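The chains carry the letters A, B, C and D, assigned in the order they are written, with residues numbered from 1 in each.
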Amino acid sequence: MENLIALLVAAPLVGAALLLCGGKRLDRTGAWIGSLFAVASFAVAAVLFADMLGKSAEDRAVHQHLFSWIPVGGFQADVGFQLDQLSMTFVLLITGVGSLIHIYSIGYMEHDERRRRFFGYLNLFLAAMLLLVLADNYLLLYVGWEGVGLASYLLIGFWQHKPSAATAAKKAFLVNRVGDVGLSIAIMLMFTTFGTFAFGPVLAATGDTSEGKLTAIGLMLLLAACGKSAQVPLQSWLGDAMEGPTPVSALIHAATMVTAGVYLITRSGAIFNAAPDAQTAVVAVGAVTLLFGAIVGCAKDDIKKALAGSTMSQIGYMILAAGLGPIGYAFAIMHLVTHGFFKAGLFLGAGSVMHGMNDEVDMRHYGGLRKYMPVTFVTFGLGYLAIIGFPGLSGFFSKDKIIEAAFAKGGTEGWILGGAALLGAAITAFYMTRVMLMTFFGEKRWAETPGAAAPGQQVQHPHESPKVMTIPMIVLAVGSVFAGALFSVNEAFVTWLEPVTSFAHGHSPLSATAITASTIVVLLIGVGLAWQMYGRKPVPAVAPRGSLLTRAARRDLLQDDFNHIVLVRGGEHLTRTLVYLDHSVVDGAVNGTAASMGGLSGRLRQLQSGFVRSYAVQMLGGAAVLVAATLLMRGV
Amino acid sequence: MADFSFPLLTATAAVPAIGAVATAAVPAAKRTAAKWLALLFSLATFVLAVVIAVRFRPGAEGPYQLTESHAWIQDFGVRYELGVDGIAVALIALTALLIPFVILAGWHDADPLESASDSGSAAGSNSRWRPTQGFFALILAVEAMVILSFEATDVFLFYIFFEAMLIPMYFLIGGFGDRAGAHGEEQAATQRSYAAVKFLLYNLAGGLIMLAAVIGLYAVTADQLGSGTFSLQQIVEARTSGKLDFGTGTERLLFLGFFFAFAVKAPLWPLHTWLPNAMGESTSPVAVLITAVVDKVGTFAMLRFCLQLFPEASSWATPVILVLALISVIYGALLAVGQRDIKRLIAYASISHFGFIILGIFAMTTQGQSGATLYMVNHGISTAALMLVAGFLITRRGSRLIADYGGVQKVAPVLAGTFLIGGLATLSLPGLAPFISEFLVLVGTFSRYPVIGIIASVGIVLAALYVLVLYQRTMTGPVKAKVEGMPDLRARELVVVAPLIALLLFLGVYPKPLTDIVNPAVDHTLSVVDKKDPKPAVRVDAVPGAGRPGHAVHDQEVEAAK
Amino acid sequence: MSSVASVHSLWTVAAELPGKIPAPRIEYGQLSPTLIVLGAAVVGVLIEALLPRRSRYYAQLLVSVVALAAAFAAVIGLAAGGFGSSKAGIAAMGAIAVDGPALFLQGTILLVSLVAVFTFAERRLDPAAHGNRVDSFAAQAAAVPGGEAEQAAVKAGFTTTEVFPIVLFAIGGMLVFPAANDLLTLFIALEVFSLPLYILCAVARRQRLLSQESAMKYFLLGAFSSAFLLFGIALLYGYAGTVTYAGIAEVIADGAKQIDPALAGTMGNDALLLIGAALVLMGLLFKVGAVPFHMWTPDVYQGAPTPVTGFMAAATKVAAFGALLRLLYVVLPGMRWDWRPVMWGVAIVTMLGGAIVAITQTDIKRLLAYSSIAHAGFILAGVIATSEDGISSVLFYLAAYSFVTLGAFAVVTLVRDAGGEATHLSKWAGLGRRSPLVAAVFAVFLLAFAGIPLTSGFAGKFAVFKAAAQSGAGWLVVVGVISSAIAAFFYIRVIVLMFFSEPKAEGPTVAVPSPLTTMAIAVGVVVTLALGLAPQYFLDLAGQAGVFVR
Amino acid sequence: MNPVYYLYLAALLFTIGAAGVLIRRNAIVVFMCIELMLNACNLAFVVFSRMHGNLDGQIIAFFTMVVAAAEVVVGLAIIVSIFRTRHTASVDDASLMKL
C-alpha cells in the first residue's frame, strides 16, 4: 500500500511535464489534463487515507524508500517518503483544495492564451508541495521547499509582461531564498550534530544533545519558516505576491504553501520541545505577525491585499500555536486546515468578484454587489463568518483553542500572548467586516451605463461566475462551515494527530468558557466598530488621507521602504563600488605592472644611444665592475 | 606496468588531435564538410570517453586505472604516464560530452562575415585563409590537450599540456569574437586581442611560476631519490614510505608555485580579472570552452597535484586559500549583480562558482571534495546551457547589453524557458544537478569550518539575485523594439540545449552513478592528505540512509515527541 | 720553442718528452673538420681569382656546401671513432682539444653554417636587376652607395661571391674557438672568425649606410674587447707562466709550490689571476652578447644583411659559449667560488635586461637581437651549474636555439616591400591573413623562443634551469622564469600583430623563396618540433658529450 | 732593474689606449688607440716571458702583431668605405641605429 505514496507526487509531476513540454497541441485540452492529474492525486490520497484509518493509531505511519540519493561518506541522503497522520492531513488538504482550485481555474483562466502553462505550473506546485510534506528527511523536504518557491515564482510572475508581476515574483523568490538559507544551515547543523538529517534519527536523538545546538537548529528552522510563511521580518513578499492570478493566491498564498512553515515547526517539534529559547522566539514571531498582518489588513483597499494581510495574521496564529509546544501543535494544524478552507474560499470569492468586475481589485470601486452575484456573496459570507470565528463555524473552534493555549503558556508570557491573540481576533473581525461591507453592502460605487457614471466611477457589468467556478466555492464554503465542528467532536483531530505531534492539555489561568466568552465579546466589538465606520456612512470612492497609522499600514507598516533604503539602495552602491574597484584596483594592479615594465624598458633603451664611444664606455665600466666583483669575491 | 592492452586513454586524446589536423586540412571552399568532420570526431571522442567510463571499475584497488606508461625523456625523469581515477573519468566524460555541443552551437560562429571581404580585402580574397576550418580544428586541439591533462599522472606531462593548451585557446579567443561588438568590428577586434593577450599572459605567468616549481620538484626528487622523477605515484609512495621529504620551507615554496598556476586558471580572487574579458569577448561556445572545460583543469589539478604532492603545505595554506575562495564566492556574485553585459555577468557568476569548488577542495572532507568534483561537472553542464542559450540570444539581437533586451519570453518562449532553466541551475535550485554539488560543498565546508560555511551560503541568495535580475530584465516586461520578431530556438539549437537540460535534471535526481565513481578517488586523495571527516557530536545508532528508517525509527520518533 | 715544449712537458698529459728539435706532430685526422673548411676557403679565394664571374656563384656554392658537408661527415666520423669519449685527447701539440663538447659544438656549427650558406645563396627574393638575379649582398661592396661605380656594377651584374670564402674562414675560426686548448689559440681563433664577420656585416645590398655603420661598430667594439681579452691573457700568462689550459688549471689548483723559484715573483699572485680571468671572461661575454657587453648586438643585427645576422646569431653564440664553457670548466674550475657569483650577476642582468628592453622594440631584427641577449642569459644559467648536466644542457640549448634563430631570420628575409626587407613591426600587421603559412611558421619559432612546451625552446630552457636548480641556484631559476614571462610578452605581441590586427592596405608582400631558403626554414621547423617532442636522443648525445678533456 | 716596472708601463699604455678609444672621435685615431692597447699587451707578454724565463710570451707577441696587422686590413677597409660614403671618419656621425 505504501508504494502508492510515490504516486501522490508522481501524478501531478507527470501532468506538469506533459503540459510544459507538450507544446501547442495541448493548448485546448491543457486545463482539463491538469485538473485530471490533480484529482487523480486526490483520489490516491483518499485511498491511502482510508487505508490509514483502517490501522491502529500507533502504526499508521508508513514509509516508502525509493533510492539512495546522495551517498557521500557519512553523508547519506535518500529519496524516501513518510506518510503519517501529520503528512496525511496536509496531503488531503493540498490535493483536495488543489483539485478544487484547478477546476475553478478552468473557468477563471478561460480567456488566457497561456493557460496550458498555467496549469503546468499549478501541477508542478502540487508535486513540490506534496514532496515537501511527504519527505522523510530534511534534505528532501528542502527540495520540495524550494520547489514550491519556484512554482510560486512562476505563478506570481505568470503575467510576465506586467513589470509589477515580474518584480513581485523576483521579490518573493529572493525573500524565500533568505529563509531557505536558514533551512540549509539547519540541515548542515543537523549533519554535524547527528551525522544525519532524516526525521527519524534526528528527532529521536534530540534527547542527548546540547541545548545550545538544538536552539541554533531551531532558530534556523524558524528563519526558514518566516521566509516561507511570510512571518515578520520576512513577510514583505506576500502582499506583492497578489500580482499573481487569484486562484494562485487562493491555493499557494492562502491555503497551502504559506503554511509550510507551520508544518516545518510542527514536524520538528521534538527539537523545539528541547529548546525553550527557540520556542520563545517562535511564539514572539507568531504574536507579532498576527497583529502586524491584521493591522495591515485593516488599511488595504485592494481586496486581495487585504486578504493577504489576513492570511499573514492567521498564519501568525498558527506559528504562535506551534511555538507553544505539545499544547499547541494540534491546534496549529487544525487552524491551518480550517483556514485552508475558508481563506481559499474567500480568495476564490474575491476572484469571482474580480471576474465579474473585469479585474477591478479596489474595494472602493465595489459596493452593493450582493444582489448581482448571490452565490459568491453567500459563499464569501460563510467564509467571512468562519474566519472571524463566528460561533459554530470552523474558525471559531480552531482559533478559540489557540487563544486558550496561548493563555495556557502561563505566566506573564501567557497573558501577553493570550492578550495579543484576543486583540488579533478583534482586529480580524474588524477588517473582515470591512471587506464584507465595502464589497457586498452599501450603495454601489460604480455605474452600469456610461451615462450614469459619476466622476471617478467605472462602468461595470457585474455578473455571477460560471458553475465551474462557483461549485468549488460552494464546496469550500461547506468545508469552512463544518470542518471545525467535525474536528472538535471529542477532540477527533487532536487524537488523530497525537501519535505524531504528541499532545498535552494546557491549563490556562482562565477557564475555557471565560475565554470563549471574551473572544465573542471582542468579535462583537470588532464587527461593531467596522459597522460604525463602513456600514453606517457611505464609503468614499477615493481613500481619505487617514491617520498616520493607517498610512503606515497601507505601506505595509513601512517595512518595504526600510528594505528598499537599506538593502536595495545599499546593495546597489556596494556592487557599483565593487565593479569600480575590480576594474581600477584588482585589474589596475596588473595593468600597472605591465605599464611600469614598459616604462622601465623605455628608459633602459636610452642607454642604447647609438654612439660607439658610449658603448665603449659602458663596456669599460662593465669590465671594471667585473674585475672589482671578482676581486671582492676573493677579498683581495 | 605498461600493459599491452589497447591504449584507450591515448586513443581518447588522439582522436580529437587527429580530428584537428584533418579539419584544418579541409580546403577553404568545403566549409560545411569541415564542420561535419569536426562534429564526427568529437562524437567519436565521446564514444571513447563512454568506453572509459564503462571500463572503469570504481571498486578496483590502486589509485589509477587503464594506466599506460612509456619512457619519454629519461634525462628529465619524464615518462609518458597516463591513468585515470574517478575524478578524471568524470571530467573526461564532461569534456567529451560538451565539445560536440560546443561545435554544434558554434556552427555558424566562424563563417566569414559577408562584410569580411571588404574589411581586410587581402583576407577575403586569400584562398589559404580558412577561419572556419581553423575554428573547429582549434576546438578539437583544445579538447585533446584538456583530455591529456586529465589523464596525465606524470607531473611534467601534465604541465606540458596544461601550458600548451593556452595556445589554441589564445587563438580561439583572439581570432573569433561574437558579432556583438557594441562599437563596430574594428574596436571589437582590438578588445578581442586585448582579452586574448590578457588571457595568455595571466596563464603563461602562472605556468612559468609553476615551471620553476616543477624544476624544483625534479631537483628535490633527484637529490633524494637518486634519479629525478615526476611520476605522481612514485612521489606519493616515496613520501609515505618516508624515502622522500621536502623540507617544510621547500615544500611550501613548491606548493605555492603549483597553486599559483592553478589559481590563475581556476580562477581564484584576485587573479580572476582575465576571465570576464576572455568570456565577454569570445563567442559563447568558446566562452563555454573556457569556463566549463579548460578552467576545470585548474581545480582538477589542485585536487590531484597540489594536495597529493604537498599534503603538509596544503593544510598549511588552507586557511588563506579558504578565505580567498570565500571572497571569490561573495565577490564574484556581487560583481555579477553589477554587470550590464550578459556574458560578463555569467563570467562573474562562474568566478563565484569556482570559489565554491575551491572551498570544497580545501575543506578536506569527503563531502567537500566529492561535492567539488560534482560541482566541476555540474557547473560545466549548467554554464554550458546558460551560456549557449545566451549566445543564441545575443546572435539574434547582436548585442550583449542586458538593457537592449526585454519581453523576450513573449516572442521566444522556448528560448526564454531554456534560459530560465539554465539560470535556475546556476542558482542551484534543488532538483537540478548543481544543487547537490553546492550543498555537498557547503556541508563539507561547514562540518569543519562552520563560520566559512555560513558566510558562503550567503552566496546562494546572491546567486538567486543575479540570475533572477538577469531573467527579469531580459525576458520579462514589455517587448523591446529590436526584440520583436526574434525567432524562437531553431532545431539545431534545441538539439544543443535539450540534452544538457535533461542531463541537469537526471543528475539532480539521481547523481549516484557519478558519486559512485568519484567517492573512491576522493577517499584516496584524503588518505594521501591524511585527513578524516570530523565526527558528528551525537552518533545516531540507526545508520541513516543506509536503510529505510522503518518502524523502529518511527517508534523512537513517537517517544521523542512524547 | 724548446722551452715551450718543456713548459708543456711540465703540465700537459698528452705531450711527449722533449727531443732535440722535435718536429711538431699534427693529428690531421682529428683536425680534419677545421682543415677541410679552411682548405675550402682557400679554394674559394682561388675561384674568385681564376674563374669567370658568371660561374663563380655556382662554384662557390658547390665548394662551400661540399666542404661543410664533408667537414660535418668528418665530425661524425670522429665522434663515431670515439674521439668524443674514450679517445678524447689533445691534438696539435696541445693547441687543440678534440673531445665531446668540441665535436658536438663543431657539429652544430657546421650544420648551422650549412643551412646559413643556403640563405646566403638565396637570390630569388629581390626582383632581378637588369636581368641578373641578385642576392642580399652588394654588387660591389667597395663602391660608394648610390655612386656611378655601383650603378655600373649592378648593370654588369656583379655579385659579391667573396662572401662564401669569407664565411668559410669565419666558420673555420668558429670550429677552432670552442676547441682551443690554450689561450693563444683561443685568441687567434677569435680573431679568425671575427674579422670575416666584420666584413660580412658591411656588404648588404640594401641600406648600405646602416650596413657599413654596423660593421664599423662591430669592428671597433670587437677589437676593443679583444684587446681586453688579450691583456687578460697576458696577465694569466704572467700568473701561471704558461697559456695552456691544463697548465693554468694546475697552477690554480696547487698554488706556487714545486715551481722553480725564478717564477716566484709573479707565480700564484692572485691579483693577476683574478684580473686576468675577469678580462678574458669579458672578451668572451662580449662575443655571446651578455649584458653589459651587449650594446653591439642590436645595432649589428639590424644593420647586417639578414642572412649574415642569422649566421652570426646562431653560429657565433655556439662557438663563444663553447669557448666560455671550456674556459670555465677546464681552466678556472679551481676558482669556481670566485667566478660563480659574478656570473650569477651577469646572468641575471642579461636575462632581465634583454627581456625588458625588448618589450619596446619596433624593429623585428632588433627585437630578435634583444631576445638573443635574453637567451644568452638563460644559457649562462646553465653554464653556472658547473656540473656535467650543466655542460650537456648548455650544449642542447645551443643546438636548439641556433636552429630556431636561423629559421626566424630566414623568415624575416621573406617579408619585403619596395625598400627591401620590411623589418618594422607595424608592417607585419595582418601577415597571418596574407600568408597564413609563413605567419604560422614564424609563430612556431616565436613560441619556441618563448619556451612553450612541445617546442625545442621549452626542452632547452627546462634543461638549463634544471641543471641550475640542481646546482643549488634555485633563485636564479626563479629570476629566469620571471624574465621568460616578460619575454613571452613581446613574442606574443608579434603574434597578435600577425594574426589579430587587420592587414594594412600598403603592407609588405611575402616573397616566394627558392628551395634554398625554403629548406633552411624547413630545417628550422623540423628541428624545433623534433627537439620539442622527442628530445631524448639529442639529450643523450649532449649528455655523452658532457666531458671536457684536459 | 726590476722588470715589474715594465708591467706598470704596459698597464699605463693600455689605459692610455682605452682612454683614447673613449675620447677621440676620429675612427682612425680610435683604431690607433686600440692598436696601442694591443702593443701594451705585447709589452706585458714580453715582460712576463722574461720573468718566467720561457719563450711563450715572446711567441705570443709575434702572433699579436700579425693579428694587429690583419685587423688593420679589415678595419681600414671598413673605415675607408664609410669615409667615402659619408665624407667623414667621425665615429659619432655613424649613429643611425639606436635605441
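In this text, contacts are C-beta pairs under 8 Å (C-beta built on N, C-alpha and C of every residue); 3 or more make two chains touch, one makes a residue touch a chain.
None of the values given here were measured: they were computed from a predicted structure.
J.: Mean of the CA atoms for each chain, then the mean for all of them together: which chain is nearest?
T.: B
J.: Per the definition at the top, count C-beta pairs in contact and tell me whether A-C or B-C has more.
T.: Between the two chain pairs, B-C has more contacting C-beta pairs.
J.: Could you give the separation in Å between the centres of chain A and chain C, each centre being the mean of its C-alpha atoms?
T.: The mean C-alpha positions of chain A and chain C differ by 81 Å.
J.: Calculate how many whole Å lie between the centre of chain B and the centre of chain C, each centre taken as the average of the chain's C-alpha atoms.
T.: Distance between chain centres, rounded to whole Å: 46 Å.
J.: Could you tell me the distance, in whole angstrom, between the mean C-alpha positions of chain A and chain D?
T.: The computed centroid separation for chain A versus chain D comes out at 97 Å.
J.: When the centre of a chain is set as the mean of its C-alpha atoms, what distance in Å lies between chain B and chain D?
T.: The computed centroid separation for chain B versus chain D comes out at 66 Å.
J.: What positions in chain C touch 2 or more of the other chains?
T.: Correct list: 216-217, 220, 224, 228, 298-299, 489.
J.: Residues of chain A that contact two or more other chains, please.
T.: If we look for residues of chain A contacting two or more partner chains, we find 594, 605, 608, 610, 612, 616.
J.: Touching two or more other chains, which residues of chain D qualify?
T.: If we look for residues of chain D contacting two or more partner chains, we find 18, 21, 30, 91, 94-98.
J.: Spell out all pairs of chains that touch, sorted by label.
T.: Every pair of chains in contact is listed here: A-B, A-C, A-D, B-C, C-D.
J.: In the complex of these two chains, what residues of chain B are touching chain A?
T.: Per the stated touch rule, the residues are 201-202, 269-270, 272-273, 331, 334-335, 337-339, 365-367, 370-371, 407, 409-410, 417, 424, 429-431, 435-436, 439-440, 442-443, 446-447, 450, 453-454, 457-458, 460-461, 464-465, 468-469, 472, 475-479, 509-512, 515-516, 519, 523, 533-551, 553-554, 556-562.
J.: For the complex, give me every residue of chain D touching chain C.
T.: 4, 7, 10, 14, 17-18, 21, 27, 30-31, 34, 37-38, 40-41, 44-45, 47-48, 51-57, 59-60, 63-64, 67, 70-71, 74-75, 77-79, 81-82, 84-86, 91, 94-98
J.: Across the complex, what residues on chain A touch chain C?
T.: 594, 597-598, 600-602, 604-605, 607-608, 610, 612, 614-616, 618-619, 621-623, 625-627, 629-631, 633-634, 636
J.: What does chain A use to touch chain B in their complex?
T.: These residues of chain A touch chain B: 20, 58-59, 61, 63, 65, 67-80, 82, 84, 136-137, 139, 142-143, 145-147, 150, 153, 157, 160-161, 163, 165-167, 170, 173-174, 177-178, 180-181, 184-185, 187-189, 191-210, 213, 269-270, 273, 326, 499-502, 571, 574-576, 578-579, 582, 586-587, 590, 594.
J.: Within their complex, state which residues of chain C touch chain D.
T.: 1, 3-4, 6-7, 141-142, 144-145, 184, 187-188, 191, 195, 198-199, 202, 208-210, 212-217, 219-220, 223-224, 227-228, 230-231, 233-235, 237-238, 241-243, 262-263, 265-266, 298-299, 302-303
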